[in-house]
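Structures follow.
Both of the next two complexes hold subunit A, though its partner changes from subunit B to subunit C.
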Partner chain A sequence: MERVPYAKGLLETASQTEYNKDGVIQRFLKNRLAVGGMIIMVLFAVIAVFAPQIAPHSFEVQDLNNVFAPPSSQHWFGTDNFGRDVFSRVVYGARISLIIGLISVGIGCSVGTIAGITAAWWGSAVDRVIMSIVDIMQSIPGLLLAVSLSAAMGPGLVNAMIAVGVSSIPIYARIVRASVLDVRGLDFIDAAIVSGAGPLRIIRRHILPNILAPIVIQASAGMAGAILTAASLSFIGLGVQPPAAEWGSMISAGRAYIQNAWWIVTFPGMAIMLTVCALNLLGDGLRDALDPKEK
Partner chain B sequence: MAKYILKRLLSMVVVFFGVSVLIFTLLYFTPGDPARMILGDEATEEQILKLQDELGLNDSYIEQYGRFIGNALKGDLGVSYVTGRPVTQDILSRFPTTIKLALLSTLVAVIIAIPLGVLSAIYQNKLIDNLSRIIGLFGVSMPQFWQAILLIILFSLQLRWLPASGSYGWQYWILPSFTIGIHMASTILRITRASMLDTLKNDYIMTARAKGTKEFWVITRHALKNALIPIVTVLGLRFGNALSGSVIAESIFALPGLGKLIVDAIKARDYPVVQASVFLISISYCVINLAVDILYTYINPQIKEQLRRK
Partner chain C sequence: MEQPLLSVQDLKITFDTKNGKVEIIRGVSFDLKQGETLALVGESGSGKSVTSKSIIGLLPENAAVTSGTILFQGEDIYQKNAKQWRKFRGKSIGMIFQDPMTALNPSMRIEAQITEAIHNHSMTDRESARERALELLNLVGMPDPETCLRKFPYQFSGGQRQRLGIAITLACEPKVLIADECTTALDTTIQAQILDLLKEIQEKTGTAILFITHDLGVVANIADRVAVMYAGKVVEIGTAEEVFYNPQHPYTWGLLEAMPTTKTSQEQLFTIPGSPPNLIRKIVGDPFAPRNYYALDRDAQEEPPLFEVTDTHKAATWLLSAGAPKVEPPPEIARRHKIYQNLLQMKSLGSSTL
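Let's turn to the complex of A and B:
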């Protein structure tokens, strides 16, 4: 089919009108809390990347002559039951937590987006089947779904990422489906259909850019949740296994010694809290900046 | 109205069926031979083959699922690999503890969140509002297991006010309920604040004030009563989180509920117990959500009207 010039002109202007993209950065930068959250996350990323340079000690070398040493200038966060430097372990832990966060959000986000778009675009029976699966997955409370998935797959870093990622698919699928249904009814989509664009092209060129905002907002809040869930899995012995320096499993191992060595559980917990806090602030800031009418 | 409830009940049956398929499939693909696990290391090859046959482990997926759902409908959720006892009895005897913990946590959350959320909305952007937003942010960001340990360090080890583990009286429930409750409170706080801010903008609030109604009654009778609708919905949804939060809280505080049973069973690789417990919690979660939805249509006359017109 030959392209209709009018529709083509409409396409170029209309696909930019849905979300108010102008001033997103300015609006975001005005929000001090969100900027604070972003700075903390950048800092964590730097710590994760340069962990070997930043950590003063190895995260796995034991020093049995120096167990349960309280925080000092030598060991900022003290040492654990094997004499390992808690500060260095917390630094290396940033790596594992950020990787878990990124990959499990990647899994949940990509599968959820494909499922959501498929459900909304093709509708009827496809929609009903996909949404029933989503309903079923959502009727198992979040943490429990991750727990039963990783119990079935066995412990380990990769399985934990898959379990956390898969259990977050429903939320992305729902958000994407709702957003696509919103966008679908707009004129520029009709125009694109009339001008002969195929479904894949329409989805890639016109739908995806317009539903990006809700996905980004959910992804940053979702990463906070993913890090928390993964740490909980390690805590109950399902996720990352010792001796890896993972914050959740460090707390789990330090639990036995809280009577006289509070530092083993306190610092990894603070690291989790700070990361999750920063991601939540970042997510809130992104929502306010990308979607001012929601405020 | 009756039609709506019937429709919801029917869709719930579909969801139950789906959850059972999902949970059975997870168990089916879990590595390890159940017969070998039940009999232990000393069993002979012959005994294992015999038990495999008895349990029907050599049948196809469909046949095994058919037997699983058939038995589940009769109330039989399988046999524990560790104790060899029927799972159903064990999980049912522990269920009340989990429900009690979830209810107490919800109570803690409501007591913290609703007054604080209301004050936050009345004094928007003032000190108390900022304070409650900080509390809310920390509440959602703290890992529950870490928060539980901090509570133990403070209240059990330092102050020696409350016991750290076991269940021998009411004081044993305080720390676990606060562990889950504080986390729940943060979300409810946010909704309460937003909903109150919305409600306070309405004309009828101004009218009530203009008529000289005392401010306390304006807030409670006129505003809060109307602001409660979204709060109740979120409470229902959060109840599911309270149920799954029991996994962490019960195992830290050694409360003998389903959550602790799940964690112990995972450690012992006793998968039928894990799956049956998850199944029971999911079913109760669905039932509670349905109950909230139905309750919701009763509290909210607008929805009732919509349904009537349909």
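Let's turn to the complex of A and C:
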């Protein structure tokens, strides 16, 4: 009876097809870590949006009679060297961190995408010029570039976002350029050219939708990096300025007291770690779901 | 004689490579009349795809047309500026691609893809574009066109995608269809269906087809005329009957002999020895000479021009020159006449069950 191995083969093929039929969302939902990351990020987003309602105290009112209070039922994460409620500051810090993450990723992503598409589509000299600039930018470590930009433009929230965004342009430009070159070689682009579509139309309708996956993946993972870089900037005093509640600057301010009041640095530190970790898990999950070949 | 729809005259194309300039197309000429199918055949690297790409303006950046003209309805298409080009291309020449898997945009619904092609060259409202899309899907034989419009390319099989690709190409109502190996990626039964479809479309719309392939079985099935290319030149051109029954060029003999038949199972399949010349080196004499059983001394020194056999039939071989020794084509060619007869007959019957 030779039927058995044959039938088994058929079954395997069938289940294989079944798996491939899964949409992007199903594939993502099957990845528990990624879903966990997403839940944490949604939670942070809710906290950021409703910070005034959630925070039990003001983030900037000082209470000098109650400095260095350890965590208690009144001050869940304790108070800092000015008697400010650490929990409320961490809650407000979520706001700033997410805004920095979103906007700097937005800057890097949009400029990088435009640069990458321009380089790949028009090729030759344009490509060489753009990619040389990108190479030069990438030869400087991201944090160093952000530090020098912040130092040049002066410290502050907006400048920090610009600095972090600009320092992430090269990676997007590279990814987009490579993806455009991939897609450009496919026949349907030639078909669109032949049917008389102009370059802008081809880019908008035929190229952009087909390179979204790598951009989305990079953006979600890149946001973790952006938040981390922004926190580092604030830590060394080039980012968000006090009294605004920013996780990096909170750690910076609290680090002198770590031996007596561990809570001032620990909770913002954990918040950074949790956000970055969640975003990375989310990015990994998105990559596996959107691009199953690259596992 | 009526004016040809498309006329390629002494086309030469050079590629700029790291190793210097290489002339890939070394003087190609042919005409294509309305409602006619011309097959360009040849090995990989013979220049058939480059020729077709130059007609449609898809040459890579490092390629340049160095001489010759391509006339479309008497107009030189290389005299046009970018915008005229774009308008011209969509309206006059359409291309069917080799790989149906990449010929459709994976992230767009079929409706959007067809109507976009319609909008690219004519101002129609959404309703009539949709009507036209349904019409086209009917024409290419897609079952249930209504649901078709809402689907994405991944929901179709290879043969169906090729049909959809043809529908998109036809949306521009091209006068010339270039089919670049459009059946190569399909299995034989689907291949036959697509060939039938092309013939049907040709009957209905009167479009001319430039069919690029290396499969002589397919050629016999669809072509009115055949141009055999070797090393960037047309070495033999004639009607399908002439090329299949009375081939003159030793390269055509080789190609015909190398075509597998149901009887070849016992003997070894014939192959032409060697491989096409590297065009980076300057070619002296006939580029096919080193692989040619029937090469004459003259082949090593001078490249043969196209000799006329009949009004429609030309071949570039010194065997046709005055004073050349009389050489009979290999006996295998005659033995195959019967097979071609069947294939050519099937073509006239309009069915292509291989």
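Please note the rule applied: the second predicted complex is superposed on the first by the 273 of 295 C-alpha atoms of A that agree within 3 Å, B and C clash if a C-alpha of one lies under 4 Å from a C-alpha of the other, contacts with A are read in each partner's own complex, and residues count from 1 in each chain.
Keep in mind that, in the parts below, a contact is a pair of C-beta atoms (placed from the backbone, for glycine too) under 8 Å apart; a residue touches a chain by one contact, two chains touch by 3 or more.
Only a predicted model underlies this, so the values are computations on that prediction, with no experimental measurement involved.
Enquirer: In the superposed model on subunit A, is it clash or fit for subunit B and subunit C?
Expert: Pair status: fit.
Enquirer: Count the residues of subunit A touched by subunit B and by subunit C, then name the partner with the higher count.
Expert: After superposition, B is the partner touching more of subunit A.
Enquirer: With the two complexes superposed on chain A, say which partner A:His206 touches: subunit B (first), subunit C (second), both, or neither.
Expert: second
Enquirer: Touch test for A:Leu186: subunit B only (first), subunit C only (second), both, or neither?
Expert: second
Enquirer: Would you sort A:Tyr172 into first (subunit B), second (subunit C), both or neither based on which partner it touches?
Expert: neither
Enquirer: On the A-aligned overlay, A:Val265 touches which partner chain: subunit B = first, subunit C = second, or both, or neither?
Expert: The first partner, subunit B, only.
Enquirer: First (subunit B), second (subunit C), both or neither: which does A:Ser148 touch?
Expert: The first partner, subunit B, only.
Enquirer: Please give the least Cα distance, whole angstrom, that subunit B and subunit C reach in the superposed model.
Expert: Between subunit B and subunit C, the minimum C-alpha distance equals 10 Å.
Enquirer: Quick one: which bits of subunit B touch subunit A in the complex? Just the residue numbers, please.
Expert: Residues in contact with subunit A: 11, 14-15, 18-19, 21-23, 26-27, 29-31, 137-138, 140-146, 149-150, 152-153, 157, 240-241, 243-245, 247-248, 251-252, 262-263, 266-267, 271, 274-275, 278, 281-282, 285-286.
Enquirer: Any idea which subunit C residues touch subunit A in the complex?
Expert: Per the touch definition, subunit C meets subunit A at residues 56-58, 61, 86-87, 89-91, 93-95, 97-99, 102-108, 116-117, 120-121, 165, 168-169, 171-172.
Enquirer: Which of the residues in subunit A come into contact with subunit C in the complex?
Expert: 123-124, 186-188, 190-198, 205-206, 209-210
Enquirer: In the complex of these two chains, what residues of subunit A are touching subunit B?
Expert: 132-133, 135-137, 139-144, 147-149, 151-152, 154, 224, 228, 231-232, 235-238, 248, 251-252, 255, 258-259, 262, 265-266, 268-269, 272-274, 276-277, 280-281
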